[in-house]
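Chain naming follows the written order as A, B, C, D, E, F and G, and within any one chain the residues start at number 1.
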Amino acid sequence: MIQYVSIVLMLIGIYGLLIDRNIIKIIVALNIFEVGLNIFIVSVGFVSGGVAPILTSVNSNSALIYVDPLPQALVLTSIVIGLGTTALALAIARKMYNAYNSLDLDEIGGMDND
Amino acid sequence: MMYIAYFFLILGAFFYAIGGLGVYRMPDVYNRSQAGTKATTLGTLALLIGIAIINPSWIPKLLIIVVFIAITNPIGSSVLVRSAYLKGAKQYEGTNIDELKEYYNKEDANHETN
Amino acid sequence: MTNPVLLIVVPLLLAFLSVALKNNKKQLLFIAAVFNVVGVFIIENGSYVIGGFRAPYGINLNLDAYSHLAVLVINILFLLIITMSNEKTKEFSTVLLVALAGLNGMLLTGDLFNLFVFLEIVSITGYILSTESKKYKYSFNYLILGTIGSGLYLFGLIILYAIFGSLNMADISFKMLSYDTGKLVVPIFLMFIGLAVEAKLIPFNGWVRGVYGNANSLIGSLFASVYAGTILFVFGRVFGQVLVLSEYLVAVFVAIGVITLIAGEVAAFSKNKIREILLFSSIAQSGLVALLFVTGLIFPTVLQLLNNIITKAVMFTIAGKISDDADTDEADKLKGIFANNKIIGVSFTVSALSLIGLPLFYGFYSKINLLLGLFSKINYFVAAFILLATIIEGAYFIRLLVKLWTPGEEGKESNIKFVTDRKVEFDFNKKVIAFMLSLIILLAGISPSLVKTNLFAMNKLLNEENPSYMFELKGGM
Amino acid sequence: MKKNISSFLIIWITWILLTGININELIVGFIVSALLSYVISNLIDYEFSFNSIPKIIKFLVVYIPVFLFELIKANLDVAYRVLSPSMPINPGFVRIPTKIKSEYGRLTLANSITLTPGTLTVDVSEDSVYIHWIDVKGNNNEDYQKNVSASFEKILGGIFN
Amino acid sequence: MINTLVFLLIGIGVFFAFLRLVIGPSSFDRVLSLDIINIIVTGTLVFVGFIFNNELYLDIAIVYAILSFIETVVFARYLEGSI
Amino acid sequence: MDFNALILFMVFSAVLSYLVSKSNIKLGAYSTILFSLISLIILFLGRNNIGNEFSLLYMNFRVTAIGWYFSLIMILIYSMTAFFNPYWMEKILYPSSYNFLYLFSLAATVGLFFAADLITLFIFWEVVVWSSTFIVPLGKSRKAAVVYFTISSIGSMATLFAIMFVYSKSGTFDINEAFKFLASEPLTATFVFFTFITAGLTKIGIFPFHIWLPLAHGNAPHTFSPVLSGGLVKMGAFIAYLSVGILPAYKAFSTSMTIMGIPFQIYLLMVLGAISIVVGTLMAIKQDDVKKLIAYSSVANGGYILIGILMMDQVTFAGSLMHIFNHAIASAAAFLTIAAIAHRTKTTKISELGGMIHKMPVSYVVYLISIISLAGIPPMGGFVSKWLIVQGLASKGLIFIAFAAFFGSIGSFLYVFRPLAGLFLGQLAPKYENIKPSTLVMKIPMVILASMSVFFGIFPKYLLETIGEIQTSIGIDPIMINGDTITTINGVLNTNKVAAIFGFGFVISLMIFLVLPKSRKVGLMDTYTSAEFIYTPELYHYANSFYAPFERLYKNHPSVEKFLGKFAVKTEELGILVNSLFFSHKPSVTVLWVMAIATLIFLGGVDI
Amino acid sequence: MKRIAVIILLGVLGFFIFSGIYSNEAFTEFGNVDLNNRVSNKFITKSVTDENDIVEFGKSSNLETGSANYVTSIVVNYRSFDTLGEVTVLFISSLGVALLLGTLGGKLTHKYRANFILRVGAKTIFPLIALTGIYIFIHGHLTPGGGFPGGSMIASAVLLLYLADENFRAKMSSFKLAESFAGSLYVLIGIFGLLTSGYFLNNFMNTGVIGDLFSAGIIPIVYVLVGLKVGSELTGIITDFLKVEVDE
């Protein structure tokens, strides 16, 4: 179920990319896509009945069933990378707004056409 | 002892419910904020007390959470309500007195910086 | 000290340091580039485990002859390009240091997820470098496409992980051998999209025109040469060596490659601006290289890839410098520009002729080899398409060269005094290195045995023991 | 220096609350707290005045119970208003004068007002607290103050001034 | 049993706050309801940790509380036009 | 001297010439004369090298009789034309590079003719193409260079495909070995035959590849047009020879349908040759620019040559080989006279010239001889070779082809006469009153080439003997010559008698010309109308609309140029389409493509 | 119309993605994963280089990686090279933001000055948030957390200060220095491992008893560095975004 949801979320992000002309909305759409992807990554590591992959005084040995920790590590990387690109995208968006005085890609397209 | 704990747990949850309901039912953003903030603060307090009773070893961290919520919750509401006020969010029709307006209109109040 | 990880981490260390040592950024960049060039000659082939955890559990670097050749070429070109456009490196020194680290990481890593990380690093440096032109809408486009592309790559990779339980290239490759790869169309194609965006394959490459078309001498040549080379080497690694492709996907990728090749050449044909001609030519070359890799030809593809990136390094540097100085790169406004810059003109010409694949230039050697390869695989149609592309390529490059060499109006006797009034002056670095590279192209063309003996030393690389179609020039009869 | 030490102590105590008592944690916490309090003093104008134990004790012993009582009262009030079908309200924005000078005193006052029945602090000035009041009772600011914050004002004034 | 009741009540609170989040009408209403939901979630995290007998949830709750506070402030300052 | 030394010498002479030019341009130009003449002598004296094999770098060579023959013609043309180089140095953009490319392309042609393997052949072929491509735009036209290169590329890529294909089947590049297996595989042979010969067709300028000739010949530097037309075109003939001589075409096609005994594959190309004759002739007639006119005549003559080579028999083949020589020297000489005129007048347009006979009588005579030879009119060499070709065709009953050849001969009268009248005869334009005759150095090659045309027209046996040896070397019965009488199945030609008759006629007409009274001279632009000033006196030049009624006949003729022009436009439009479809600054465009393609591919590759 | 077409396209695409994924038997249904088929299997028992049957909290000691948090053991040990890359991504992104926005010199002026409550509240709460951040990255091997969330906490604490006081300016030079120092040290630790054991980023320190603070070798050190670095970088990004254009 969660996997279906995550893929649908990715598609929603792509949908946003396809129909939005506003730069900020496109960035948001991209983030929705990434969220969907990240959920998918985590979902791939889920094990029914598995516990969070941290040894504690309660879950104290490796013989227990744990969920796959690797996708969780990967998703951490994915999130950070997404954060970095989003920051950069926003910075570019701001420069675009300064340069073209618009956030609408259709409007911007008409300017400095080369 | 357990029953006291349960009482607190249910009390906390009850105030969460009241908080949510209050946010839903109150007439304007200011009143909603009032209801939500108070109820959830107390709700958290009660809930955590309940848990602390059953699980005394958790008390230090629970204490941090409680203190933190008690400080930040009202601050957050204040900041939000002030923004709403400054932006002229709709007030309940029966709101008669407004001494804040005078304060913000005073020149030296220096709230609007540009 | 022969661990290739240093090629990645030393530039990275210097990148971090460069934030503190603001005033010596340029020197740090140069030091790193030289370090890596020296390093590529010292490192020894092998699998290098990081952190001490054996593959497939830990990440390992895979320095076989293939990646060795790749890092060799890429690092040398990187050094040459930053030296050629030395005057432009200051602002981007740290970015370039990170890029150098990332490029080496992409080439060396033996782990598909680690590849994703390095791909992102390199892409982000690309986005940043692309903003130099101040045409932000193109950078934005590049960023969005790059991100969605690598997102899809990751999506595909995670599916593979769920199926094979591993991220290690060799491990996955091995496990795929006993798997019905016909069922892996979705994950592999998703990964393909990710690399195809960066590798400039049609229709995944919408960003290329805006970004390449406005790049200056430094950034254009870096993109077209070092970045493009790296991504194609990686493409060859992933889709030519690691992933086992079903017949269906091979057909699909070859079709995409052919379409890219022809569409790229046709688009280049319709252009007048130098950088646009070059960028479409790059697109076409990417299509060519990608399809050859997918066809299973490693050796001749690498030869062709080298041809592309060495020549593009020269040509994009020159084109970028021209448009930096003359404020235009429209060939029609730059007629006869080489009359005053003969050394540069000769370098550009040699590069272009090599790219077309004319004899006496290195490109001929690679073209013959790839044709031999294709014919040995009975791939006549692809060969025919490549030759068709060569005709178009020849037409527009000759048209460009003739314009840039001969001033004056069409139909009038040329005379030197009609040279364009646009002042373009090339500095010493550019002249020397561009000329040196064109000399290498020429030498390698006249005496391919030079290339052959050197490449045969690393032949095992190419996972083809003594390729049967190797163009043995002497006694080729 | 005094400021640094007090902030250091507060931070260290917080650390201990977070980690529990353990020799390694204490050492690490000590280092962290020292560094952090140093950095904070550089980063912000950190006016710290919790520098006497009696004040803190007074705060805990006297103020907290009053506050808790008010908080419970407030919530019963909220519960009533939320659940009652007809809500008798007479909202308004009013000014409550205060004599507390300390920043932390005024902050505590403001927060306390927010958490007590029917009132919510919107802004604080040098000498007043501006609140939103669901059911305004009284005719002038002194009335308001008496109805809203008199008990807090008294205790907090004792602690912070 | 107790747990179910607790979850039920929490659910009611979140549900109505969420309704407000959806219907608004102003952005301030939405941010407010989000803030309320966040606080409820914080408490719920602690409660879940209590049920799983896993102290690690407390750390998560602390972080969550901090981030939700900052989120509220950011939204408020954004909505008033200060950033 | 060994020929590997010859090739090395030629390459180094190119480099040397470049270096000399860098210090002194004039000296560099003279060095091209010297070096090409030395090469010519070495080649001529080194005939004993025939049969030798040698290697350079990775290239393999084998000296054959026919290769030697072609090389000789090529070096002859280059060395004769080189005499003009010194006069063009200051008019050419990059004189040093010109000298280098001039000698370098010559070296490459010799390498081509001596190639022992297909790769070597292809390498030299392409080297000639690109080195000569870069000479063309040093003249007037960039477009010409592009068209020249592109059409050449079409040919060479097709040929490369054939080479690779043959290699992949036979495992060898050796020219003599590679094609052998085709003898028993008619279908494969047909494919290889057509692809391999394409480069040759483009170079000869066979319809529909002929369009580059007028462009390139017409716009190349005046000193290079002779080489292009007289020399380089002949490389195509060499490829054609390889395609029927070495590639066992007749053997492979022995089971094919035949037309008058010729396999249809070969006949098809002969038809193309015939069309080239007709098209070349027709187009030559309407040219105003002499250089273009001669270029079209080259197209027509290329048709003859191709047809002759394709026959691979005793008479026609010999005629063709002879025509290669005759056409080379005649067309080179004709272009040289144009160059000589252009050197003084700066133009090559008939409508801007006239009366040059008064200023450049030697050029006039040379031009007259050459163009007569080109047209295949007795008593010049061109007549003999064309006669042989027509004889050969007629003997095989190839009436259609023979008719085209005949048509070409008639048409050539028309195009010969036009420049003759327009350029040399008639009135001298006032602005050329004071021009000087061509220099002595220029006269040398012109006179030598013209003399050769006459000499081999009267005494063809010296040439035909060599050709006979070539025929013997490749297993064809040599042509029969007895003194100055050539005997074919259908007829006998005694060139001496023919020459005597024409000589007699010439003397008679000269006497009539001298005896009869001359008309009064009026200045060429001395044109008055009733008190109105004429703004465009050129229109009143009598050479204007010389063949007006004729030109009207094919005003809207279908043309390959137009077709290719449209093709180029379509390619450009396709490029623009590619651009607008795929390259947008909006990510949505690309993402849409990605998703659509992905959907399509999953549709085909995912099991549901 | 366009929207409907896009939705249909994506619907079809989604359908094929589902089919394409789930047609693989090896792609088990959600939750039915058998870790024995995955490399993670050995991460759980910490037996990539050692052989362990079972790892017990508070008992097992000197394991190949001492982190009680399995995710952390992957992030900072088994796949620490990824993490170095991840740090680099953030580093380069913040650098990019600085290159783009750093030229903007103006200071953000809040439209409304922060009210008293926020001003004082932020100062009060700041140390707590920062401390929590530090706590998180120091305990990354014991609790869910680590360098990245810890660093983000620190940066968000700074953000709070920005929101509360328009006169507040983070001393970017110090942050830059911290960033540079932390990054360089991370690499140098890796190189130290390479020099001592032949493996880059080798965990060259002893690992104690699993569950102790000092139990994970270089993990806490790396996480402190990562935390500092991430904190500085995010602070830099925030600072750059709060700049405004100066009219020229």
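Here is the rule we go by: contacts are C-beta pairs under 8 Å (C-beta built on N, C-alpha and C of every residue); 3 or more make two chains touch, one makes a residue touch a chain.
Small disclaimer: the values here were computed from a predicted structure and weren't measured.
Shared contact partners of chain E and chain G are A, B. Chains joined by the most contact pairs: C-F. Taking each chain's centre as the average of its CA atoms, chain C and chain D sit 63 Å apart. Each chain gets a centre from the mean of its Cα atoms; for chain C and chain F, those two points are 41 Å apart.
Each chain gets one centre point, the mean of its Cα atoms, and the points for chain A and chain G are 15 Å apart. Centre-to-centre, using mean CA coordinates, chain F is 73 Å away from chain G. Those residues of chain C in touch with two or more other chains are numbered 113, 117, 120, 124, 127-128, 131, 137, 140, 144, 148, 159, 161-162, 167, 183, 185-186. Multi-chain contact residues of chain E (touching two or more other chains): 55-56, 59, 62, 66, 69, 73, 77, 80-81.
For chain B, residues touching at least two other chains, in rising order: 18, 21, 25, 33, 37, 41, 61, 64, 68, 71-75, 77-79, 82-83, 86.
Contact annotation for chain pairs lists A-C, A-E, A-F, A-G, B-D, B-E, B-G, C-F, C-G, D-G, E-G, F-G, with touch applied as defined. Chain contact summary for the complex, chain B toward chain D: residues 15, 18, 21-22, 25-28, 30-31, 33-35, 37-39, 41-42, 45, 60-61, 63-64, 70-71, 73-75, 77-78, 81-82, 85, 91-92, 94-101, 103, 109. Within the complex, the chain A residues that touch chain E are 52, 54, 56, 58-59. Residues 6, 9-10, 12-14, 16-21, 23-25, 29, 32-33, 36-37, 40-41, 43-44, 47-48, 51, 54-55, 57-58, 61-62, 64-65, 68-69, 72-73, 75-77, 79-80, 82-84, 86-87, 89-90 of chain B touch chain E in their complex. Residues of chain G touching chain F in their complex: 6, 9-10, 12-13, 16-17, 19-20, 23. The residues of chain E lying in touch with chain A in their complex are 53-56.
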